[in-house]
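What follows is a set of structures for review.
Two complexes come next, and they have one chain in common, subunit A, joined by subunit B in the first and subunit C in the second.
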Partner chain A sequence: MILRPQINDLRVIGFFLGKIASALGLIMLIPAVIGVLFSEANPAADYVIASEICFIVGLLLTLLCRGQTDLSWMQGMVVVSLGWLMAALLGAVPLHLSGHFASFLDAWFEAMSGFATTGLTLIKDLDHLSLAHNFWRHLMIFIGGQGIVVVAISLFMIKGGAGAFRIYVGEARDERVLPNVLSTARFIWLVSIVYLLLGTLALGVAGIVEGLGAKRAFFDGVCMFMAAFDTGGFTPRSQNILYYHSLLIESITMALMILGALNFNLHYHLWNGKRKELFHNLEMRVLGITMFVIFAIIAIDIMRLNLYPDALTLFRKGVYQLISAHSGTGYSNLYPRQFIAEWGNLSLVGLIVAMGLGGSICSTTGGIKALRVGIMFKGLVQDVKQIMLPESTVLQQKFHHLKEVVLEDKYVRVALVAVVLYFCVYVAGAFLGMVFGYPFLDSLFESTSAAANVGLSCGITRPAMPALLKVAYIIEMWAGRLEFVSILVLGGFLIAVFRGKK
Partner chain B sequence: MLRKQVLNNILGIFTEIVFAVSVMAIFFAIGWLVTLI
Partner chain C sequence: MIGRQKTEVGGRGSGVGGITVCFARRDDGRGDKKTITARPRGVAAQHPSFTISLSSILCLLSSIFCLLSSGLCYSQPVPAQELIKNAGQYDGKAVEYEGELIGEPMPRQDGVWFNILDDEGTALGIWVKGDIRPAVDYSGGYKVKGDRFNIRGELHQHCRQHGGDLDIHALSITKTKTGAIAPEILPRYKQRLMVYLGAILGVLWIISIISRTRQRQA
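What follows is the complex of A and B.
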C-alpha cells in the first residue's frame, strides 16, 4: 500500500527546491561578472536576468513552503530528481538568451548535458560565443560534477544533518568521505579547487606554448580543466580538443581525465598518507583490467585497419578516445564521423563498452562503475566456489574497498540492479535512435554516451536531430547521472499523488 | 600536526599525478609494442 503524500511533503520538497534555485541564482552571478570584466554587456545582462528569475523562483518557493526543514528519504529523493530538472531548466535560460540555440529545448539539452557532466552539445557557432556564455557552459559541468545539492549544501542550505545525507545519497553518491555531509562537501571542494589551480596553470601555460594569447590561453585552460577533471566534455572551441592539435594539451587533459575518474574517497585516503590503497582497492584493479582489455581490443582493430601506424599516433588517437570514454569525459581529437567512417566495428564496440562501464563510484563519472563490476565478479566467483565445495561449507568472500569488506548478497543484488537498469536504458535509447532511422551501432554509441554521461558523439547529436530524440537523451542524461533510484522514487511519488491511500 | 597534514596532502597530490602519468606511459609502451607486431 502506498500512502498519498501529505501537503507537508509538498511544502518540504518545495522549500528545498527553492533553496536550490536560489543557490543557482547566486552562482549565475559569476558569468555575469565575467561578462562585465570582458566588456560583454549583453551576455552579462543575460545572466542578471537569469539570476533574477532563479531568485524569484527560489524566494517564492521558500516563502510559500516555509515549515519543517528536515527531509525523509522519499522527500530527499524527490528533491534531488526535481532539483536537477529545475536546475537544467533555469540554467538553460541564459543559454537560450544567447541566441546560439535553435530552440529552448536545445538550450535545455545543453544545460542538462552540462550539469550531468555529459558533454553532448547542440550549440551553433560555438567559436563566436561570448566568453561569459562559454564560461557558464563549463561552470555547469563543475557544479554538476560536485553535485548540485552538494553545491547548495556548501553555499547556504542546511547544516549537514540526516536530511542533507538523504539528498546527498539521492545525488548518486553512495559513500561519504567523512562522517558529516558538510565536511564531505568541503573535502570534495578542496580537491577540486586544488586541481583547478594546478590544472588551469598547466593548461594555460600549454596554451601559451602552443601560440594562444595569455588571456585566451588561461580562459581556455580553466574551461578545459573544469570539463576534463569533472569528466564533462565541453570545450570552448567547436572542434573539441582537435582544435589545438597539441600533444601537450592532449597529455594534460588525459591526466586530468584519469584523476577525475578516481573516487573522492580514494583521493581522501591518498591525501592522508594511505597510498597503498591505490593498488589494493578492488575498484582500481577492475578499472585497470577493463581499460587494458579494451585497449587491447581497440589496438588490434586499429592495427588491422592500419589506421594509426606509429606508436605516437596510436597513443594520441586510440588511447585518448579510450581514456575519454572510460572516464566518461567525452573529449575527442577526432571528427565525430571518423568513429563510424574510419574505426572498425570492433573498436566501436570497445568504446561503447568503455563508455558503458564508466569510472569510480563517488566520482564525477557516469555509467555502471568499476566497483559494481568488481562486486558482481566476486559474487560470481563465490557462487562457483560454493558449488565446488561440500554443501556444509560456509564460504566468506571478501574484497578490499577502502577497508576489508565481507561480500554480502545485498551488495551483489544492488550492483546487479544498477547494471541491468543501465543496460536497459542504453538499449532503449538505441532502439529509439533506430526508430528515427539511425543504424544500430550509431544509435547504441550515442545512447550509451548520453546515459553514461560521456559526451562522445558519432554525429547523431546535432541541432537538426528529431526533438523526441533530444528529449530522450535529456532523460537518459538525467537518469544516468542520478543512477535511477531518485528518478524511480519520483515516479513512485507521482503515482502515490494520484493513486495513494489517504 | 597541520604541517604534517599539509605535507601528506602534497604527497597525495604528487602520488596521484605520478599515477596518472604512469598510466599514460604504460599505454604508450603497450601501443608501441603493438605497432612492432
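What follows is the complex of A and C.
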C-alpha cells in the first residue's frame, strides 16, 4: 500500500528546494564578479539576472513552505532528485542569456552536463565565450562534484543531522568519511580546495611554460583543474586538451583525473599516512586490473591498425583516453571524429567498457564503480567455491575496503542491482540513438558517456542533434549522477501523489 | 603530392578563337600543363592547332569537374572537419586552410602554435616555424574577432614531432584580414530585467524579514 504524501511532506520538500535555489543564487555572484573584474558587462548582467531569479525562487519557496523539520528518507530523496533538476534549470538561465546556445534546451543540457560532471557540450563558438560564462561552466562541475545539496548544506542549511545524511546518500555518496555528515562535507571541501590551489598552480605554471600569458594560463588552469579533479570534462577551448599541444599539461590533467577517481575515504587515509590502503583496497585493485586489461585491448587494436608512428605516441594517446574514460572525465587529446574514423571497433568497445565501469564510489566519477565490480566478482568466486566444497562447509569470503569486510549477500545484491540499472540505461540510450539513425556502436558510446557522466563524444552530441535525444541524455546524466535510487523514489512519490491512499 | 591543387579552367585566349585549358596546376609547379585549342563554329580549319573536336573538350571539361568534385584537388581552403574526417587521405600532403586565430599564439623553442578556427566552427593547431611567424594584431576571444590567416602547409594525421597530434605544419602563412574589437552593448531588455527582478526580490526580501520577525515574536 502506498500512502499519499501529506501537505507537510510537500512543505518540507519545497522549503529545502528553496534553500538550494538561494544557495545557487549566492554562488552565481562569483561569475558576476568575474564579469565585472574583466569588464564583461553582458555576462555580468546575465549572472545578476540569474542570481535574482534564483533568490526569488528561493524566497518564494521558503516563504510558502515555512516550517523546517528534519527530512525523512523519502523527502530527502525527492529533494535531491528535484533539487538537481531545478539547479540545472536555474544554472541554464545565464548560459541561455549568453547567446551561445541554440535554445534553452541546449543550455539546460549544458547545465545538467556540468552539474552531473559529464562534460558533453552543445555550446556554439566556445572560443569566443566570455571568461565569466566559461568560469560558470567549470564552477558547475566543481559544485556538482561535491554534490549540489551538500554544497547547500555546507553553505547555510542544516547542522548535519539525520536529514543531512539522507540527502548525502541521495546524492550517490555511499560512505561517510567522518562520523558527521557536515564534517564529511567539510573534509571533502578541504580536500578539494587544497587540490584546487595546488592543481591551479601546477596548470598555471605549465601554461606559462607552454607559451600562454599569465592571466590566461591561470584562468585556464583553474577551469581545467575543476573539470579534471571533479571528473567533469569541460575545457575553456573548443579543441579540448588538444588546444595546448602540451605533454606537460596532459600529464598534469592525467594525474588530476586519477586523483578525482579515488574514493574520498582513500584520500582521508592517504592524508593520514596510511599508504598501504592504496594497494590493499579492493576498489584500487579492481581499478588497476581493469585499466591494465582495457589498455592491453586498446593497444592491441591500435597496433593492429598501425595507427601511430611509435610506442610513445600510442601510449600518450591510448593511456590518456583510457584514464579519461575510466575516471569519467571526458578530456581528450583527439578530435571526436578521430575515434570513429581512426580507432578500431575493439578500441571503441574497450573505451565503452572503461566508461561504463567508472571509478571509485564516494568520488566524483560516474558509472558502475570499481567496488561494485569487485564485490560481484568476489560473490561469484564465493558461489563457485561453495559448490566445490562439502555441503556442510560454511564459507566466509572477506574483502578489504578501508577495513576487512565480510562479504554478505546484501552487498552482492545491491551491487548487482546497480550494474543492471546502469546496463539498462546504457543500452536504452543506444537504442534511442539508433532510432534516430546513428550506428549502434556510436550510439552506445555516446549513451554510455552520458549515463556514466564521462563526456567523451564520438560526434553525436552537437547542437543539430534531435531534441528528443538531448532530453534523453539529460535524463541519463541526471539518473547516472544520482545513481538511480533518488530518481526511483521520486517516481514512487509522484505515483503516490496521484494513486496513494489518504 | 596531390593534396591541395590549384586549378584554373579556361578563360585565356590562344590564337584566333582558341580556348586554352590549364588544369591541375600544382602548387609545386611540377604539375601537368596542357594547352588545348578548339575550333569555334564557323571558323575554317586554317590553323594547325584547331584539331580537337568539341566533344573531346566537353569530355575533358567533365573530367576536370569530376576531379574537382572528387575531393582530390581544391581551389578553396579545406574545412577542418573534412581534414579530420579524411586525415588518412591528406596525411603528409599539402593542404590549404584558412580561419581566425583564437587564443594567443603559443611560442615554443623552435616555432609557435597558432590555433585557427575555420568558418564552420572547428579549430586546428598550426605549427609555424619561427622564421615565417607573422605579426599578430588580434587574437580571437570574447569581444575580439581575431586576425584571419591563410595557411599552406603539410597535414600530419599523427605528427611524429608533436606527440601524435593532428596538425598542419605551415609552409607559408598570410594574414588575409586584420581582426577587430567588437564594442559591447548591454541590451535594454537585460537592463530592464535586472531592475524589475531586483524590485521583486526587494519586496520578497522585506516580506520574508517581516514574516520571520513575526514568527519569532509568536
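The working rule: the second predicted complex is superposed on the first by the 500 of 502 C-alpha atoms of A that agree within 3 Å, B and C clash if a C-alpha of one lies under 4 Å from a C-alpha of the other, contacts with A are read in each partner's own complex, and residues count from 1 in each chain.
One rule holds for everything that comes next: contacts are C-beta pairs under 8 Å (C-beta built on N, C-alpha and C of every residue); 3 or more make two chains touch, one makes a residue touch a chain.
For clarity, every value in this text was computed on a predicted model and none was experimentally measured.
K.L.:
So in the superposed three-chain picture, is A:Ser238 touching just subunit B, just subunit C, both, or none of them (first/second/both/neither)?
P.N.:
Touch partner of A:Ser238: subunit C, not subunit B.
K.L.:
By residue count, which of the two partners contacts subunit A more extensively, subunit B or subunit C?
P.N.:
Here the partner covering more residues of subunit A is C.
K.L.:
Taking the superposition on A as described, I'd like to know which of subunit B and subunit C A:Ala311 touches: first, second, both or neither.
P.N.:
first
K.L.:
Figure out whether A:Arg4 sits in contact with subunit B (first) or subunit C (second), or with both, or with neither.
P.N.:
neither
K.L.:
Counting only touches as set out at the top, which of subunit B and subunit C does A:Met303 meet: first, second, both, neither?
P.N.:
In the superposed model, A:Met303 contacts subunit B only, not subunit C.
K.L.:
For A:Leu262 in the superposed arrangement: first (subunit B), second (subunit C), both or neither?
P.N.:
first
K.L.:
Mind working out whether A:Asn272 is in touch with subunit B, subunit C, both or neither, as first, second, both or neither?
P.N.:
In the superposition, A:Asn272 contacts subunit B only.
K.L.:
Which partner chains sit in contact with A:Leu247 here, subunit B, subunit C, both or neither? Use first/second/both/neither.
P.N.:
Only subunit C is touched by A:Leu247; subunit B is not.
K.L.:
Based on the superposed arrangement, let me know which partner A:His280 touches: subunit B (first), subunit C (second), both, or neither?
P.N.:
neither
K.L.:
Under the contact rule defined above, give the subunit A residues that sit at the interface with subunit B and also at the interface with subunit C.
P.N.:
Of subunit A, residues 309-310, 312, 314 contact subunit B in one complex and subunit C in the other.
K.L.:
With touch defined as at the start, can you tell me which subunit B residues reach subunit A in the complex?
P.N.:
Answer in residue numbers: 5, 8-9, 11-13, 15-17, 19-21, 23-24, 27-28, 30-32, 34-35, 37.
K.L.:
Write out the stretch or stretches of subunit A touching subunit B in their complex.
P.N.:
For this pair, the touching residues of subunit A are 194-195, 198, 251, 254-256, 258-259, 262, 267, 270-273, 275, 278, 291-292, 295-296, 299-300, 303, 309-312, 314-315, 318-319, 322-323.
K.L.:
Sort out for me which residues of subunit C touch subunit A in the complex.
P.N.:
Interface residues on the subunit C side: 81, 84-88, 102-108, 112-113, 115, 117, 121-125, 140-144, 157-158, 160, 162-167, 184, 186-187, 190-191, 193-194, 197-198, 200-201, 204-205, 207-208, 211, 215.
K.L.:
Which of the residues in subunit A come into contact with subunit C in the complex?
P.N.:
Against subunit C, the touching part of subunit A is residues 40-42, 45-46, 48-49, 52-53, 55-56, 59-60, 62-63, 66, 97, 124-125, 127-131, 210-213, 216, 237-239, 242-245, 247, 307-310, 312-314, 316-317, 333-335, 337-338, 341-342.
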